[in-house]
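Read from first to last, the chains carry the letters A, B and C; within each, the first residue is number 1.
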């Protein structure tokens, strides 16, 4: 029994990072209908920025975390401006290919300039294990869950309560109507990329600290899984991304716990397909009528 | 209609030009004093960390050979030129790059590819081009053997074959660690992981409690470790590379699992201790090709010193194997007194008591080097013990 | 009409013959060498897979991110069957079986997902391709991650050239047929097509199944040519490679696909000398091309011999080349 609880806890920790990444996917998809393949690589960049701030500038972990989020937010805005904005009126698949190009560029550029080998992430916070009965959790694991929850609540506040959040929701619902209402669409989209990238960077820095290693390709697999999480929860829906992330994390953990580690990714994709067939818009998705 | 005629006329001219180029090319052959060695290494994509380490090793070997005056054959002095091409961690690309090195760069021999699957894909190209190819690290037993059970004439390796590694690791677990029960973690995305696991299971006398698989690139092992934590076992065997092994080690130790960890040569990289954290990299044993603790030959220590001086870092097992691959080619050229591809192939097949960095090697009938395995023990991230497994 | 049609067909045939003679002369006089040969064959194989994918994307407006999965099915079918029956009959049988299995899988995936609009096909195919790969890694018969080697080779450049020409001819004819026109109607306006009584899902599924079968064909040919297969050959990146050919060439434009497959193949050869910098350059090229030609090199239009050679003024297809 205790081991099942422990496995659930493991799943939630793993899922928290997927959730942070999935939020970025879902916001971007919600607003410009783009599967932003470069998102996982922004997560990687965030980890490298964190590495740089801690290892080279010797900053405090939390300052490094915030700075990495800020710099990555800037990178996200630049990526959108250079590679996606010129394609606003083009077929959606052109933007998708451009996103793939950005992803290749970040992965291979980082490998080229900084080497493709793994780097050990500086252990800015010493690991302390806490025991609650049979359950075991470390301070870093608590930090991951805590940061993820705080950031998600913050995001919800921004989207629900601020003017910019309202603009985001408006652009996502109907871009043309939003323009007519005097909303600056470009600025709103930039803002969305900034927020999404900052969340991804937070995930990257936390993962760096937790697993103690980073490399230029670290964003590939989590990127795809986070996208799956976003679809599972209902793409375009912010609570859905969080739910999807945690679900995927728990699923992956439980598959391994019952001894199916050979098939852990296959199970995740299998469930994705089943859910899509049963409810194409995702778990929290609304079934909207198609409009002409 | 005019356009049609124009196109046909243009076509005839192009064909004429092609024929002309073809005729003139025939007379362009000339002799030179350069031996070209092709390098097929993955310097981008999933396997690039290993590919880069091997490329450095091969380049370093070439640099040292040339600095020492090159290779003397029949009174003529040859220098070596290394032609490296990136196989992108893509097997088709490995085959295509191998063909390119043979037919366009006219290399005398090839070092690479890095992985078993890429080597398998490159075998037909090397065989067709009758060019000797030495993979530093392809482990699958099958790569040097044809379907009909005969040896692949042009394919060699510097690495132990997987079954040999797995068997020796099992012997070490039985005799030295005296482990009665083990848990195995295997990298399920490469033959390296699964091949060693199956050989280990065959040879191991104790009981395998559980086998957990992971994919290259995985970072989270909490679920697997939680699952095994309350079971009884005396050792963990990690059949994979240092990247994931480092993460497993860290997470296991954090969780309070302190049993010995045994692994193949894939764990032999200074990064293992960096990723795991020095305090966690204790009670770890990996199969090594070379160790400064117990240098197998006189070549090992000078190599490590010189490499550190040149690159400012410790060489990994991958680097050392690629380095030896180049030196074996040099040895073959000197033994056969010829830079001819067929002669190099014969020379490689007859390598005997070669003093490499990774041990004293003799090629067996199936082009696998026979050398002893040293199990290196780490304490606090430092190599502290070395046990030769006979 | 029939006579002019014959004229175009003949001029295309003439072009194909010229190309064939050109390559033949180049090999006889050893201008391109063994490596040139290999490159040509690999371009041809990518071409066959890309033509299939273009049919799916271009004709149905939905995109697939799992082409590699279908290629893997074909590749492993050839690896297993052609190894067991090492003659030309066994090879052809293996291609047929690979294509059939792949078609059935596509049918199973396509029927439920193609009812939906949006990116569901992309997501479902992504999942299916990954599942196929993971199953291959774990099955005994496919020999796990090491894969299968020593597959007999029945493929040379003539075979690939022939098959490419046949595939392109068949696909172009399919597009121009009544069924093909129905599919295009679906792409252009699904609701209008449905209201005219066209069974949209049926045609999308047909396009998807053909695409998957061509992918399997390409996979089988490649397995035989490279003489080995392994699961790493058919990852997400392989799907992306093919997708990029289609999008850069212009979605819906078969000639665009052909031209891009060749250009990218040649670009790859040139970039090979740049070592690790190659993928960086490749990425930049990708972004730049998309920004300046978002509809691909040829957009939706086709290279028209009619315009090029006979220039009669009235265009066969209504799309203009102003992408």
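As a working rule, a contact is a pair of C-beta atoms (placed from the backbone, for glycine too) under 8 Å apart; a residue touches a chain by one contact, two chains touch by 3 or more.
The structure displayed is predicted, hence computed values, not measured ones.
Among the remaining chains, B is positioned farthest from chain A, on the basis of C-alpha centroids.
Of the two chain pairs examined here, A-B and B-C, it is B-C that is joined by more C-beta pairs in contact. Here the spacing of chain A and chain C, counted between their Cα centres, is 33 Å. Centres computed as Cα averages put chain B at a distance of 34 Å from chain C. Chain contacts: chain A has residues 108, 111, 262, 265 touching two or more partner chains. With touch defined as above, residues shared between interfaces to two or more other chains in chain C number as follows: 137-138, 276, 279.
Residue numbers of chain B whose C-beta contacts span two or more other chains: 43-46, 48, 188. By the touch criterion stated above, chain A contacts chain B in their complex at residues 3, 6-7, 10-11, 13-14, 108, 111, 115-120, 123, 127, 129, 136, 138, 207, 211-213, 215, 217-218, 220-221, 252-254, 256-257, 259, 261-262, 265. By the touch criterion given at the top, residues 3-4, 7, 11, 14-15, 18-19, 21-23, 25-26, 43-46, 48, 84-86, 88-92, 95-97, 99-100, 102-104, 115-117, 120-121, 123-125, 128-129, 140, 142-143, 146-147, 188-191, 193-195 of chain B touch chain C in their complex. Residues 11, 18, 21-22, 25-26, 28-31, 33-36, 38-39, 42, 137-138, 144-147, 149-150, 153, 222, 226-228, 230-233, 237, 269, 272, 275-276, 278-279, 308-311 of chain C touch chain B in their complex. Taken together, the chain A residues at the contact with chain C in this complex read 35, 82-83, 86-87, 90-91, 93-98, 100-105, 107-109, 111-112, 224, 228, 231, 262-263, 265-266, 269-270, 272-273, 276-277, 280, 290, 292.
By the touch criterion stated above, chain B contacts chain A in their complex at residues 43-46, 48-49, 52-53, 188, 210, 212-215, 217-220, 222-224, 226-227, 229-230, 243, 246-247, 250-251, 254-256, 271, 274-277.
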